[in-house]
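Structures follow.
Two complexes are shown next, each including subunit A; its partner changes from subunit B in the first to subunit C in the second.
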Partner chain A sequence: MRSFTNKISTSHETLEWLFEELKSTSDLVNKPLHVGEKHVELLYIKTVVDGEQLQQLVIKPFFELESLEHVEAYLNSLPNLQENQPREQMLLELTKGSVVVEVRDQLLLLDIKKSNTEAVLETSIEPTIQGPQYSLSEDIATNINIIRQRYHKPSLTVEMMELGENTHQSLAIIYDEELVISDVLENIKKKLSALNPPIIQSTTELNRLLNDKKRSLMPIMMMTERTDRVVFNLAGGKVVLLLDGSHTTVIAPVVFFDFMTSMDDIYGSYWITRFLKLLRYFGLFACLTLPGIYVAATSYNPEVFRVELALSIAGSRIGVPYPSFVEVLFMLVFMELLTEASIRLPKAVTGAATTVGGLILGQAATEAALASNIMIIIVGAVAISTFVIPINEMSFGIRVVRLILLVFASFAGLAGLVFGLIGFLMYLTQLNSFGEPYFKIYLQSKRAETEKTSS
Partner chain B sequence: MSVICTGRRLMAIIVSLSLILQSGCGFKDIDKRVFVLSIGVDHTDNEERPYKVILKLAIPTGSLRESGTEFTYLTKESESIASAIRLLKTHADKELDFGHAKVIVFGEDLLHHDLTEIADFFVRRRDIQRVSWVAVGSPNAEGVLKTQPSSEKAGSALFNLFDQNGVESAYIVSTYLFDFRRRMIETGFDPILPVLSSSNDKKKIVVNSSILFAKNKHPFKLSPRETKFYNLLANNTQKLDLIVNRDDLIYTIAVDTAKTKYKLVTNTKNKPGIKLDVSVKGIIEESNKQMDPSQLSTYSKYASEMAKKEITELLKKLQEYDADPIGFGLRYKATRLHTRDTFKEWEELYPELAFDVNVNVSIMSTGIIE
Partner chain C sequence: MNRYFIYLVFVNMVANVVASVPKILISQRSEGALLSMIISYILGLVFCYLCARFFNLFPGEGLPDLTKKYMPRWFSFVILFVIAVTWYIAGLITLVTFSFLLKRFLTPDMPLSWITITFLLFLTYGILLNSKSVLYTVEFVLICSLPFVFIITIKAYTSHELNWDFIGESLMYIHNPPSFTAISASAYLLLGGFNLIIFNRLFKKKQQINWKNMLFIALIGGTALVTTYFIPIGMLGFDAVGDVVYPWITTSDSLRLEFFIVERVIYIFLLLYLAISFLSVLIHWHVTLELLKSIIWFKKFQLKKRNLTPYLFLSFFWVASLIAVSYLTEYHLIQYSSYFLNFLLCSFVVMFSLFLFIKRRAKV
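What follows is the complex of A and B.
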């Protein structure tokens, strides 16, 4: 600090400059403290500073301590003190909740932030039966605290950076230094530093911003709010990105199968989790192919399934005016609308929407012969099996793929459906997540894999 | 660069649009089709239009569970089956779909004529599945198709008799279309078809005998009893019963497992023959006297002797008739060094073969606990 004495003349000027820059803000406070010989000047924005802490840390000791030297020494010893920074950075820190203190012609920057987003939220996006029921908060410091509390290892590294031209959000890059794949880490860092979006509000935005392809369908990073999933993936050598103001994290790199894992898979006993996994993949397959199979079976290849089924479909389609793919498209669109509506609606109205949509629409559509009974069953089965996919973003992606497969089935029946499925597989295999293959299925244990990458 | 891009895009659009045009013939909704469940072919005595084709169509109803399936029939006489079906298309307002035509019935009269042309039609049609079952209708195919047993449920026209999901019986021979065709062409393996006989009141179908076609010979009918033993030899049928009648004792064995192995013995020293080993396991199902558990081996011996007699009789009968539904000739062709005359050798050999039948019945229990 003493080395700063040559800048004494500028300290007051800096203060003046800061004051000028922020003058138009009505909640700016410039408070001189004065008693006897002692004189200190405070500059801060009232609404982002914790007043009580300011009182405890700065104002009270000022009046209690004997001389200005004591005050200066005391302030310099505070853990909240930020290293000296250029005045532009000071201005930025002021807007984040720091206090500038002018003592004996030098400026000290103290971080006395007030944050109302520290409350830890309950899991709402990925609920599980077992495992932690609380997710993260919307405050980055609290979140890093939670993650560190669950992952005690000296090699856990947290790197901070700022993102957003206007918002200057802090972003934490968290990884286990011993396990992380260094290429991937470098890749992510390079892409992050090249980013310069005006506003960034959610970690999921990163998924789009960090993707090389402008238009992509499948997520190449996994969004999660679950702390156990974060820890599980940290131990697997992945990189976790955490943005201030967002209660979700994104994890990279990912493989397709990560999106099909629920954290319950770790907690349950062997056969139960195997069964659940099987069920989940069956659900994935069902929601991808069922609409296509219906169109193929009714309009191209009715001989593939049993004669009873063919007759039953034929019977239930009596009087349906439009060809099968119009029928399927019609019902699927309404199902998607229903899903979409129940996300956007206020919680109080959701029940009404599903009742009106599901019950009345479904019943009335068959009564009016706009859709066959079997179609309603298929739409219901498809809707339910879509919800089985644990990670939300993947289920959104699958919803789009389903429509593409439907188009294939409408053009060429079962052969087209199989063709479309193969195409989807090919699409998945050519994807990569930060240089790592996306559809990686070579079998190796987690331990073997992380050991190989870290060496 | 952009020119190439738009060109490529245009190409993609043209290709995908042409897909729509091409799909014109494939895309047909299920309610615009009518399903043919069985096809019958009878012979008329008219030389100009020898074939009478009967199609059994299922009419879909809104409530399948309550009303069951309703059927309708289309009948046409014509000079060929293909032309009959072309004409029959004009008799229905929907496209005839043969995808579910699972049973093909030939009238008994038809068997006295050449079946090659008919079998050829069914094999050529791509929409008729090769796994359809072929059967003979007695007295004619039309009678069998038009019979609606009261137990017949939704759409299961005659399938359940053959597919082993419904009834399982040793008296029923099931022959797939591909198998029938194969046996018609292959030397040393003769086709055999089940006979469906309808009762006069059109309420019942009985299938317990079979018809054998040896090549270039008149069809030859096997009785239910012979059919049963044929099934034991050729198909290792397991739902079988053996009735033993010895002295005053009559008892029936319900067979659980049966296995048949045979070997052609044609070395120069001995008289050429076939060594047939049949092993059968079962329990006693019915008897007219008290059965002694300690005598099981005796009962087994009686049963073995009885079965041996029956099987030898059947084989002799087949040999006499020069028919080979079990495929001895095919086995001979497959296991001997192939020359131009292999099959000719077999044809000379078959009438002289001696049958060495060895039946090993083992009765596991008397079927009751004392």
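What follows is the complex of A and C.
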């Protein structure tokens, strides 16, 4: 009751205060509604409020209802009504699209948000053949709606919090209460509440912000835009983070192998998906090692391969004026540039860029004897196999690792390459994603493997 | 028993090929190698079983934790230090042998110290990891490489060059009395389980080694031992095999994959064993480091809140191995490793009396 009396004494003051705070905004509307005995005051920011809805929900009933009591009772019964909140919070809600209604010395806060980002986008980052073709929108309410539409279970929990000192973006923490690993959930919540970045724009930023290590290479959370992947992971007991204004979610905890699965793996028949998986891992292995093997086989151990192959490699290198590692580095760097350019360029120009870069440069480089023919094949194979990795962030990580392996291979030949691979493996095994091991072989049942004591 | 225990046993079984075990056994092929192998096979299995049984009694506790609880401080210091040095030398032998191997077969242009430094660089990173990561690494590398080991073994057994008469000839020497050196060399195959002295810290669940595990270990161990000894003899000839420095490398070089990109098996073999012997050194030195950390720890020795004691040990590791690599020759290496293996077998008397003592004190 106390808060109620308190409110009576200050409701008008609060309104004035809110008005003062927002006065400099030109799209602020302070509109008194007045007819006969009835008087109500509205305060809102025009550009973030849905005018039509406001008309339907507040203004029209005001003129239709008999008395002010009726109006108050009506407004109090609206589902958009937000609970009593301190005035600072009210101010913040106003900027998000709420309307403050002063009725009979009482301030009511109604959420009549207008959002132009509700359109559900088509999947563009992780396309699959089967499965849903639409991803998420850029509006959090719509996104939660989509996820809930696909995961009907009472234990699905959505927790909201705010992030970003300046932007106050809402962040949803979504998990299945029955399945989630409680340690991980605690860990994530603790880290989330500890961080306070000035602005946060994308869920993927969380990947860096929530990482304990300042400098990291591998993603410890998985970014996805696919709703089926989100649901699949929710059912697997993972935590999904969703930020307002971003059409991607991040999922934690993850293991390395998660990044190598495509959602098509679930939809296809057994042997087909096995084959595709095998293909993908082969691609990973190839794009990691091929440049290194080329350097090792030409400069260190030409005798490793069978004679015919060794001779044809050596033959195609005739005329190349520098050692093999320069050649590989040269071609790899240009390939990376090409990939990078085709991401950043406007879509209309991309085609031209790839043609000029890929075809002409490759052809000319061999004819000018700046690179061997086999080198061009290897670069092409490496580029293709990098794109096979389903999750984008992982393929970025692998691109970096590939260069490191190339360095080792240039220094110590095949032995260096093997050492480099083991080193990469050790790097992966020491990583953890919110307390769960990042790289571990899962041979036994899931229960036996995830129990802390079993290892 | 946990699958990670089996991996620890496996690594020693597979890595023995580069740890001069076959060379020592083959040098005694006309004396008592066969009978010694049979004796050491039984001995090794018993050791493995006893060790696993002992550590099953104390889930989640390594040897340092136990000696600290049930032994006087000075005694535990001395015994752990000796064990640490033993484990260090076990790793060092593999490291030096493989550096020689690389120099001779894979990268003859690289200076020996450079090869060793490459090894050490990655080892340094590896042994500083926590024990769990070490086990995950071991598991992954083993799972990737065991199929190849299997294929090479099959290839060797089915090869036309394998002359069974030579194997038959070597069987004629079964009546010769066993020798201690041969026993200790071949027992090394089955001693991998003793890495539990540190890795038992991770096995927090109560578990029991049963006859199925032992049967599995016995089967694989037996195959490994027989393959290690007989294949080089059958491939290279009973007399000629004695003249070869690395019997297994030469054996693998006589195998040929007709329809593969890599024609000579030796290169697959070398890279495979590079990975496996890396694991072997990684495990041994990780145990060494953890043992040393448990007895010597300088609290004040810090830089930016990071304790530097492990780095101090590591610098000793580096210096000792670089000195060893530059001073040893291949002949000395085999001689010293056979001394070491003899010492190792003797030291297990101490190890088991230690186990017995702890068991009595702990009353379990």
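Following the convention adopted for this analysis, the second predicted complex is superposed on the first by the 438 of 455 C-alpha atoms of A that agree within 3 Å, B and C clash if a C-alpha of one lies under 4 Å from a C-alpha of the other, contacts with A are read in each partner's own complex, and residues count from 1 in each chain.
Just so it is clear, a contact is a pair of C-beta atoms (placed from the backbone, for glycine too) under 8 Å apart; a residue touches a chain by one contact, two chains touch by 3 or more.
The structure displayed is predicted, hence computed values, not measured ones.
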item: Which of subunit B and subunit C A:411 touches, first, second, both or neither; value: both
item: Contacts of A:51 with subunit B and subunit C, given as first, second, both or neither; value: neither
item: Partner chain in contact with A:245 - subunit B first, subunit C second, else both or neither; value: neither
item: First (subunit B), second (subunit C), both or neither touched by A:268; value: neither
item: Which of subunit B and subunit C A:298 touches, first, second, both or neither; value: first
item: First (subunit B), second (subunit C), both or neither touched by A:323; value: first
item: Touching partner for A:419 - first (subunit B), second (subunit C), both, neither; value: second
item: Subunit A residues touched - subunit C or subunit B, whichever exceeds; value: C
item: Partner chain(s) touched by A:437 [first = subunit B, second = subunit C, both, neither]; value: second
item: Which superposed partner A:127 touches (first subunit B, second subunit C, both, neither); value: neither
item: Set intersection of subunit A contacts, subunit C complex versus subunit B complex; value: 300-301, 303, 307, 411-413
item: Residues on subunit A engaged by subunit C in the complex (per definition of touch); value: 300-301, 303-307, 309, 411-416, 418-419, 422-423, 425-427, 429-430, 437, 439-441, 443-444, 453-455
item: Residues on subunit C engaged by subunit A in the complex (per definition of touch); value: 2-4, 102, 106-107, 109-110, 114-115, 118-119, 121-122, 125-126, 129-130, 132-137, 139-141, 143, 202, 204-205, 260-264, 267, 271, 274-275, 278
item: Residue ranges of subunit B in contact with subunit A within the complex; value: 19-20, 23, 26-31, 33, 35, 37, 58, 60-64, 69, 97, 99-100, 102, 127, 129, 154-156, 159
item: Of all residues in subunit A, those that touch subunit B in their complex; value: 297-303, 307-308, 310-318, 320, 323-324, 410-413
